[in-house]
Amino acid sequence: MTVILGQTFTGISIGAVLLLIALGLSLTFGQMNVINMAHGEFIMAGAYTTYVLQKSISSAGISLIVALPVAFLVSGALGALLEWLLIRRLYLRPLDTLLVTWGVSLMLQQLARDIFGAPNVQTRAPDALTGNITVIGGADPLTFATSRLFILGLAIAAVVALSLTLRLTPLGRRIRAVVQNRDLAEVSGISTARVDRTAFFIGSGLAGVAGVALTLVGPIGPTMGTNVIIDAFLVIVVGGIGRLRGSVIVAFVLGVLQAVLEYSTTVSVAKVLVLVAIVAFLQWRPQGLYTLRTRSLV
Amino acid sequence: MSGLEIRGLRVSFDGFTAVDGVDLDVRAGDLRFLIGPNGAGKTTLVDAVTGLVKARGSVRFGDEELLGRSVHRIARSGVGRTFQTATVFEELTVLQNLDIAAGAGRGAWTMLRRRTSVPEEVATALDTVGLAELADSPAGTLAHGQKQWLEIGMLLVQDVRLLLLDEPVAGMSHDERQATGELLRRISEERTVVVIEHDMDFMRSFARSVSVLHAGRVLSEGTVAEVQADPKVQEVYLGHAATEDAGDLAVREA
Amino acid sequence: MSSGSPILRRRFLAAGAALTAVVALSACGAKTDAAGSSSDRAAKIDVSGDSVKVGLLNSLSGTMAISEVTVRNSLLLAVGEINASGGVLGKKIEPISEDGASDWPTFAEKATKLIKEDQVAATFGCWTSASRKAVKPVFEKNKSLLFYPVQYEGLEESPYIFYTGATTNQQIVPALDYLKSQGRKKIYLVGSDYVFPRTANKEIKAYAKANGMTVLGEDYAPLGSTEFSTIANKVKASKADAVFNTLNGDSNVAFFKEYKSAGLTAKSMPVVSVSIAEEEVKSIGPQYLAGQLTAWNYYQTTPGAANEKFVKAYKAKYGEDKPTSDPMEAAYTSVYLWKAMVEKAKSFDPEKVKAASDGITFDAPEGKVTVDGASQHIHKTARIGKIGTDGLITEVWNSGEPVKPDPFLKGYSWASGLS
Amino acid sequence: MNLLKGRSARAWTGFAGAAVALFAVAPAALSDFRLGLLAKYLCMAMVAVGICLAWGRGGLLTLGQGVFFGLGGYAMAMHLKIADAGPGNLPDFMQLYGTATELPWWWRPFGNPVFALAATVLLPMAVAALLGLFVFRRRVKGAYFAILSQALASAFAIWLVGQQATTGGTNGLTDIQGFFGYALDDPVNQRMVYFVIAAALLLLIALARQLIHSRYGELLVAVRDSEERVRFLGYDPANVKLVAYVVAAGMAGLAGALFVPAVGIISPALIGIVPSIEFVIGAAVGGRASLVGAVLGAIAVAWAKTALSEEFPAGWTYFQGLLFVVALAFLPGGLASLAKVLRRRGATAPAKAAVVTVGEAA
């Protein structure tokens, strides 16, 4: 029983990490249809931001809290810059965007290597986030890692913030308008170029926030982005492009599936099985879990 | 020649019913115009007939039930269509476009070899739509009206017996409209033609019969004169047609 | 492994004469490199000038760059020191650096390039077993020397490779001996999914069987995997006495963070790691590692004048905050060993260098090391260390004297079925 | 084929030129080592031929070519390892890492040279057919298809790594000594392997050219540009795409198979996401829709990787990244389009004028 509950929590926490790294993509890929392979490097930028901040702020707790907004701004700015330099020229060629941004991601990785050195760097986590809390005591206690709870909370907060932004703010309405009908939005006086850049800023900024969270559970190094990027894309693809709700559900389902399979088989087999399950799922719902029905031909 | 027979056709998207129980008969050799305000369900009706969207009810062409078949199978039973925005293969030449349209039944061996001569039906179609001189130009360089003609030409070589044309004269000059209308008239001598159109003048000049759609239903049906005299039509459609006529060029129905 | 191979030393041309005049024409005009016949295809070494080239073959990009860049740094340090003191046989060493890009076929390509195009006297580098396996045939085919500076899984000997890192009986076996002496008999194995961990674990299981220890579980994560909650859960549930960790690179960071989150400590369930050196400690953080054990032959804190000099020189060249570690030391040592062999042989010729290798000693930072000419491994002192809160590793046990290398574990009866 | 046609004449000239360059100039001008590298580049070019067909002509961004390259490579390497070991013996790595005392059942057929050779091409094609059947029928396309391909490549690589006892794990299959009885460490035989690869590349180019200029080739472009439209003409685009995908997979498989004797190793490192992207990049830089562009692009990019990494071992990643960005963002047709862009500058002006007189543009 403890094992089942423990693995379920593990699955949910894996899902929370997936959701956090995929959330930015749900905006840039899901809404704007830009396949940004450098998204992983924006995550990396967020993690390095935490590292740099810790050099000047000695308290691990305060530096982590400060790092969240700063990483959002740093990665967001990188994203906006990328959008302005390259992606805006490529909106009609999504597949080319994939390859171009892959080139960008290569360069960003090398840049990180040149600035911070090839080896991974360490950050300190606040002590409160390195332990666990006991949920059920006894000989086989059920414990939840505090770092995982923090990430889960952060992921939920980010989802709520993003969906409220999209729903309630004028900016969100403009983004949705542009997504639904670019031409119409343009003639209605919305500067689509500015909306694109802002959306990209937010999406990339969310990657930065994910980077901060990842410092609690994983390595901080030049290649940390490439480790997670495909998983993140899969979450969006399976969830259904343009649907936040789908991404949220799929992230948690994939997380739990991964945790269950890992426990009963091996990590490698679990990874392969999850990928096979995804291919099979797309057979059933080729457009993902939730679909936007449109009548456009393309 | 066969006619089109639609019974109780319904299409809905996420709770919104775009076509709500349409019954429609187009007899063989008719040149039928479908008119109606934006959102009336005209394009969705054509989408349903050609298999692009799922629908309930019955669509019979000749002896065959079309609903439930995949798009390319419906096309092979002799139903062809065009789109609001002309969709031709821009990188291919006019000749290649027509050759592809003519070739759905070709075997593997023919497909894997080069085209060495111009098939007869392609040559005929080139003349019919007046693009013989531009045969070797890339379709992407054609003018808007020429693309529409090319599309019609493709339907001819495809040898469809039912043509469903979605706003074929949108964006054409007066002369081009005239030419297109006459072309459609000639075509409808041997085939059944259904045209979605907003251009009232064009309709008046060339329609043999007219159906008016409104809010997913058939509001009125008959000759041009009959429909124009129908008070219901005047109320819901012609009433605001004047303001929309000019503006509906590129706006898609929602 | 070419002995006993059924390959006929046929040539295409004889059989494939049918392949037309064009082919024959070009093949006739071809230069068949230095050697014509297949029996004597030794690579040329360029000793014409007042310098001699050596190859440095490390991953400078890709996932392995994390570790391999530091190895290159210490190779360059050794080369610089030797050049400053007059070089080798009166010639300056000219290092040619190539990027293996963490990609095994690239390693093979670059090794060929160093041997054939640059005509290097020897090559230093490679880290992963996979990269070594990829270049092994290249060095054997061209009869050129490779100095491999990283601890590995053993069960290998190549006439053209010198192994200056530990083989299993100099690292893993002593680590197991140490656990046994501490009364930790129920162990859990965690490793990355590749050759070294799988082979090492096979050896560990054989050892455990023979020594009254039990292996409670065995888990592998794909290389580069950074999600370890489940494995941490499994380890925790097993209630083992200790964990034997053969994870590589990035995975260690995630593993130890999760380990601590699961409430597992160095006291209750110590982890013995064989791939975590000072550099890795630095990237994971002592916060997560303090108290855990490592097994190596060298630590930055290893006493001795040679090590003081090495650490000082390294920090002076690459920065005060840069630690030194076992593979770096083994790489540094390997250049000096090569120099000593060449000077004994009075030649750069690989065959002569090999012949001169037996018994060569060097006062290395890790202590005195001796080359075993038969296996081309070196005698090394095994050292178990404990990670401190300052990020340094201090020795808690050592083998007392250098251990004779035994790559095929022939001296251990429990290992008889392994190879 | 009509030799009098300008296009054909140009093609024949180009073909003859390429043959002379590959069979006479390169072997005479290059050292054994460089010729060996060229053989490797030509293998990359063979993959690019398939990518040109599937992506350039068919619009299928095949980001999983590593899978097919790997299948072909492993099929070949398995046979060569069995042959190296000799009858009754296990390949060296199985003796080292494996627990089995005899060859696993799925290795056994590869002991037969005919089966192994056929499998290098047919196995990738069969896998592609199966996958394509599912994927294209369900109209998974564009970004979905690309990401799915990547996921597949990554899954296949992870699986191979996990099966160390039977696939060699991360190491892959290394230390291959012979090629159908010919010792591979003999430079003369290495040279012959190069000739085989060069001939195979020319053959694939000819095959792809025939396909591209056939009616099928025209239809493929039509599917790429407007899949729905083709469907309304009575074709099933899924089948059209499937053919291109399967042919491209077969080409990648052959390339992988010939890569093995040329380089002497096949490993999961050639299968995962990164190599799969690199296969595509070459074709993209050269010009995906043009056979010549894709082939030369693949060779150039592979060459640049070697040259830049030799010259700037620490910084070549910047060049690589920059090359992709500049070529793709600013020259979408690749280098091959440079000439066309320049030529078209002069030609389009009158065509545009004609358009304006016919009707007001929409």
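Letters are used for the chains, namely A, B, C and D, taken in the order the chains are written, and counting of residues starts over at 1 for each.
Note that in this section contacts are C-beta pairs under 8 Å (C-beta built on N, C-alpha and C of every residue); 3 or more make two chains touch, one makes a residue touch a chain.
Predicted model only: the values in this text are computed from it and were never measured.
Common neighbours of chain A and chain C under the contact definition above: D. A count of C-beta contacts for the chain pairs C-D and A-D puts C-D on top. Comparing the CA-atom centres of all chains against that of chain B, the greatest distance is found for C. We define each chain's centre as the mean of its Cα atoms; on that basis chain C and chain D are separated by 34 Å. Each chain gets a centre from the mean of its Cα atoms; for chain B and chain C, those two points are 72 Å apart.
With centres taken as mean Cα positions, chain D sits 32 Å from chain A. The mean-CA centres of chain B and chain D are about 42 angstrom from one another, to the nearest whole unit. Chain contacts: chain A has residues 110, 266, 268, 271, 297 touching two or more partner chains.
The set of chain D residues that touch two or more partner chains comprises 158, 161-162, 226, 228-229, 317. Shown for chain B are the residues in touch with two or more other chains, namely 83, 87. If you check the complex, the residues on chain B that touch chain D are 50, 52, 70-72, 75-76, 80-81, 83, 87-92, 96-97, 99-101, 103-106, 110-116, 137, 141-146, 154, 158, 170-173, 176, 249-250. Within the complex formed with chain C, the residues of chain A that make contact are 3, 6-7, 10, 13-14, 17, 110, 113, 117-125, 130-132, 140, 143, 145-148, 216-224, 227-228, 258-259, 262-263, 266-268, 271. Across the complex, chain A is touched by residues 61, 63, 134-135, 138-140, 142-144, 146-148, 150-152, 154-155, 158-159, 161-162, 226, 228-229, 273, 277, 280-281, 284, 315, 317-318, 320-325, 328-330, 332 of chain D. For chain C in complex with chain D, the residues that touch the partner chain are 1-2, 4-13, 16, 19, 22-23, 25-27, 29-33, 38, 41, 60-61, 97-99, 101-105, 108-110, 112-113, 116-117, 128-130, 133-134, 136-138, 141, 155, 193-195, 198-199, 220, 222-223, 419. Against chain D, in their complex, chain A makes its touches with residues 29, 33, 35, 86, 89-90, 93-96, 98-100, 102-107, 109-110, 230, 233-234, 237, 241, 266, 268-269, 271-272, 275-276, 278-279, 282-283, 286, 297.
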